[in-house]
Amino acid sequence: MDQRLIFDIAHLLAGGLVLISFLLLYQDRMFGLLNMFALHAFVLSLSVAWQAFAQDAPHLYITAAIALCLKAIVIPMLLRRLVVRLDIHREIETVGGIGLTMLFGIGLVALSMVVMLHVTEGADRLAREDLALALSVVLLGFLMMVTRRNAVSQVVGFMSLENGLILAAAGAKGMPLVVEMSIAFSVLVAFLVIGIFLFRIRERFDTVDMHALDRFRGERT
Amino acid sequence: MIAFSLDGLALILLIPAVSAAVLLTLPGYVVTSKLNVLASFLTLVAALSLLWRRPEGGLLLHVDDLNIVFIVLNTFVGFTTSAFSASYISHEVEIGRLTPAYLRFYHAMYQALMFEMNLALVANNLGLMWVGIEFATLTTVLMVGIYRTPEALEAAWKYFILGSVGIALALFGTILLYLAAKPLPGMEIEAMAWTKLMPRADTFDPALLNLAFVFLLLGYGTKVGLAPMHGWLPDAHAEGPTPISAVLSGLLLNVALHALLRFKMLLAANGKAIAPGPLMIAMGLISLLFAALMLYRRRDIKRMFAYSSIEHMGIIAFAFGMGGPLANFAGLLHMTMHSLTKSAIFFSVGHIAQVKGTQKMTEIGGLTETHPVLGWGLVVGVMAIAGLPPFGIFMSEFLLVTSTFARQPMLAILLVIGIILAFGALLQKLNTLAFGEPKGGLAPVEASYVPMFSHFALILAAGVYLPAELVAWFQNVARLLK
Amino acid sequence: MALILDIATQGAQMMLVLALAPLLTGFVRKIKARLLLRQGPPLLQPYRDLLRLVRKEVVLADNASWLFRTAPYLIFAATWVAASLVPTFAAGLMFSWAADLIAITALLGSVRFFLALAGMEIGTSFGGIDSSREAMFATLAEPAMIMMVFTVALLAGSTQLSTFSTYMASSDVGLRVSLALALVALIIVAIAENARIPVDNPATHLELTMVHEAMVLEYSGRHLAVIELAAQLKLLLYASLIACLFIPWGLAKPEANAGDLAIGAVTYLAKLTALGLMLGIFETAIAKMRVFRVADFLGIALMLGLLGTLLLFVSRSL
Amino acid sequence: MFQAVLVSPQLPQWGLKFFIPAVGAMMALAAALAVAYFVRMYGVAFLGRPRSQAALVANETDRWSLAAMALLALLCLLSGIFPGLLIDALAPVTTQLTSAHMPSQTSEILQSLVPISESRSSYNGLLVFIFISLSAAAAAFAIHRLATRSLRRGPAWDCGYPDPSPMTQYTAASFGQPIRRVFGTTVFRASEHVDMPSPGQTRPAVYEARIHDVIWETLYLPIAWTVEVLSKLLNKAQFLSIRSFLSLVFFALILLLLGLAIWP
């Protein structure tokens, strides 16, 4: 398998991840969002596995495995049960409409392309492409967190942002500790999910943020 | 892999880790609080031993001039806070605000936090430093939410979300830095070790370095509490238990700032990259002026001091942004003084809140009459934090303003305006709190005054006379910082 | 021998000043009466009044304190010293270098200070009315006086009175605008200080118009005599000041022989009569102002003084 | 000080040439005002009939505080009479400050103060003091000896209104009223308002004088106002929701990235 083909597949997978991030932004139903996120994690694990194969760095396989089983399967299923048990609001309210968010998303991707390509003339092509796409996934994840009102979709936004990071880490040739970091991150995410469950922030989070949560913000009472 | 010798470096990590594990198993908060104080004391002794016998750093952990300052400071304030938290927690349980069930992991988490902070400080490997700070965030989130009140939960959740986003950005910055270091195939592990990166800094790819510094500045800046990313800080301080507020503003902000300094040194070493100065100066000034103005309308005493922390972090960021030996010296001195003063203030505020049963400043008054020691402690603390002469903070602010005036008079004017604004607000609030006719309840509290007044003694000493080797120590670190 | 002569001339000056003061006031009253076509009191009437008052018994108010009884002598002494320092018939006398023009203004200020205090001593409201008005006039008159002193001192290069007169007598002074301004300012201040017509009517006892009278309302007997004499001395002081500064011809030189001294004395007397005449005419020609318009009147003096000094500061020629 | 003003025409700068006479006038005005308010203070406090019950029964303080006051007053008197000693004592200070000092004063025995030069002006405190005390003593002695010494106590002249109460005396405000009316309207924007009851009405007349502290109003209040407005404006930042804090960080990131993309 010559170098070009490897690069094309990696590029394809990363591009796919960006596309799915866009689809994540598009979702307006909760369960649709969770399925899309599962897909997102699945493509991520594929991409990391492929990077492992390309750089023949065995430890990356572990990261891919973690991404696959934890993020693609366990967490979406957990969130789905959570949404059902705590009957969290099924409708996803966005700030400023989906169309505008998508537009903004495209602008973000363009920005990350410009920034990354402008910045990394020195590095080799594979790393540059990977980083640019990873940055756009991160920015899209961030955008999702910023434009969503309810808690679960914000958490999903954060996890997609984190997927972007794992992609960047895997893309960085021979970066040590990637495995440890992905483990650390997954612990973080686990906390997120437990947090929702423990703190019973059903929908008192941002959907009704003007009344419920405001009441508890500092110095308001 | 690490030469496992029982030297100071290993000890300051082992003691908190082991004690955290031990405290996990023990029920009953009285025993654990005593153990907690003992463990912190041992860590302090280990850290002090580092002063004389400094082990040579490995790839993962190392001790150099920069982080020895923070290690000693952190362990000392950690020890005094643990002493304070012993009496604070026992009182909180008495009045029922905290049940032993909630406290089950409190002391374990405290020691875990100490472990993570020390890890982040001594980490030579940038990834390890990131993991340290990340887990420190997690533990403090759990501690902030310990009261289980709606406000505490909201504050914890906000802290968690903002913290993890910050951490994610910081991770992306670290990855970019790793790429900018253009590691040779065999030496990946060296490409993450800070001591190895420093000498090769000027070979890095400047543009990628800039991008990395942007992400790192925003990432770790969130943990430092600089202006645009400060959202979590006031509520976390106000809603969490006071020992945690003291730990947060005394230690955690310093650890994050230490990480930021590490990357600033890397950037400064590389000539072609953009100077990190202006960015940090801008962020510093914004947070200074923003926090100073926010002080005026605060109603909750701990939230007010949280904004004062943001303000001082702004001043410190400004100092390190200015660069140059004198400004860096002022910044380092200010960091030490700020963490000592702020934690002492939180000690007195903690007891005051317990005595008065509330944190609303409108319901607290006449402290110097009803509780002279606490009242005058608060007065001394606020005078110190506002930057009045006999204390250390004045010394560092004075050095900073003079050095800034010599180079950038316009910036110096903005700096002084910010300091004066904060000064006005603090004294205005202090007036109603400490003097005037007594208001609020008079619950009996056997407070531990030793930690508070030991801090004040140190600050006063630093304000009046800085021992020669301390100055020399700070100076060569300042040169290191360029 | 020369020392004794000097002391003698200085003593003569002091005695002359003391003797002439009541005469000048009597002369001015005589002129005003003559202008109003009435006979008017004889010239020596002030002397008789003083003697009568001195022999009268003093009636003191119940709560008058030591200040009330010592103030008159202090006021008299200060005014007498100030008057004797101003060169009358001869310049450069033995004690003339003891105090310059600024010191004399300060002495007059302290006189005013004691007079106002004495006025407030007795617990009636008349004393208060008058002291407050006196204080208000002082805040305007004294700066005007000092500005006048500045103008003249800048020209003559010194604040010594004798050097003033010798410089003014010398020809190189020439006609100057600032000097004219200073003269007008001095005249206005003199009128205000001595409570002449436009500022205050010396003849009446009407409470609302009183400025100087009310302060000395409670004095009687010898205290009143001493204060009256002090007031007359002050009038003479201002007259001799105007004479010495602005019409200095005929003043005897410091070591002059008897002949010059005699000429000096005669010219001084002529000057006094001329000034007295002008004052009499001025007083009958003008009516008394409301108290609060006096502030603008004195304000003019201050402005003129300031303008004079300003002009001198700016150019040597004006 | 006045001699200094007189010496200054040689100053080269034009601005100062105009400024110094004005300062001289201000100094003179200040001196005169000082006389006025000291008369007011001393008069209202110590002179006239006691204005309140406490004043009625007030008595002298102990000897020690009196002695302290007397000592300082004596020092003032002496430094007035022997200025030469004081000036020479301060000469080293002036030399250090301005590397020049007034000519030494204590040369002649009679120590007359010569600020600049003999011809220019001289003032002898001692001589004037002796002159005044001698002439005062002589006048008092002469009158007491030649004329009468008799003295009689009687009620003060009450202009037909029997036994006026101490309230009718001039208070500090009334003493200051003429000066306020002359200077106050310009400097302090003082305004007086008198509300006389129309004849037949029994209500008392109302007199109020309002004084504005001009410096406070023009300098300090605007600063306080801007800080107030700014802090009120920024206060909303405390109550932002989590999402808006996140968007703050997001826009900061975007801004910096844009900066990086465009600038270097």
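We just call them A, B, C and D in the order they show up, numbering each chain from 1.
The definition used in the following text is that a contact is a pair of C-beta atoms (placed from the backbone, for glycine too) under 8 Å apart; a residue touches a chain by one contact, two chains touch by 3 or more.
These numbers come from a predicted model, not from an experiment.
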Chain separated most widely from chain A, comparing mean CA positions: C
Top-ranked pair of chains - ranking by C-beta pairs in contact: C-D
Interchain centroid distance [CA atoms averaged], chain B/chain C, Å: 78
Chain B and chain D, separation of their C-alpha mean positions in angstrom: 51
For chain A paired with chain C, centre-to-centre distance based on mean C-alpha positions, whole Å: 99
Centre-of-Cα separation between chain B and chain A, whole angstrom: 31
Residues of chain D whose C-beta touches two or more other chains: 238, 242, 246, 253, 257, 260
Multi-chain contact residues (two or more partners), chain A: 115, 118-119, 142, 145, 154, 205, 213, 217-219
Pairwise touch network: line, ring, star, complete, or other: other
Contact set on chain A toward chain B in their complex: 115-116, 118-123, 127, 131, 134-135, 138, 142, 145, 154, 158, 161-162, 164-165, 168-169, 172-177, 180-181, 184-185, 187-188, 191-192, 195, 199, 201, 205, 213, 215-219, 221
Contact set on chain D toward chain C in their complex: 2-3, 5-6, 9, 17-18, 20-22, 24-25, 28-29, 31-33, 35-36, 38-40, 42-44, 47-49, 112, 119-124, 127-128, 131-133, 135-136, 139-140, 143, 146-148, 150-159, 164, 166, 168-170, 174-179, 181-183
Residue numbers on chain A that touch chain D, as the complex places them: 95, 108, 111-112, 114-115, 118-119, 139, 142-143, 145-146, 148-149, 154, 205-206, 209, 213-214, 217-220
Complex contacts: residues of chain B adjacent to chain D: 157-158, 161-162, 165-166, 169, 207, 210-211, 214-215, 217-218, 222, 228-229, 231-232, 234, 274, 279, 290, 293-298, 303, 421, 424
List of chain D residues in touch with chain A within their complex: 238-239, 241-243, 246-247, 250, 253-254, 257-258, 260-261
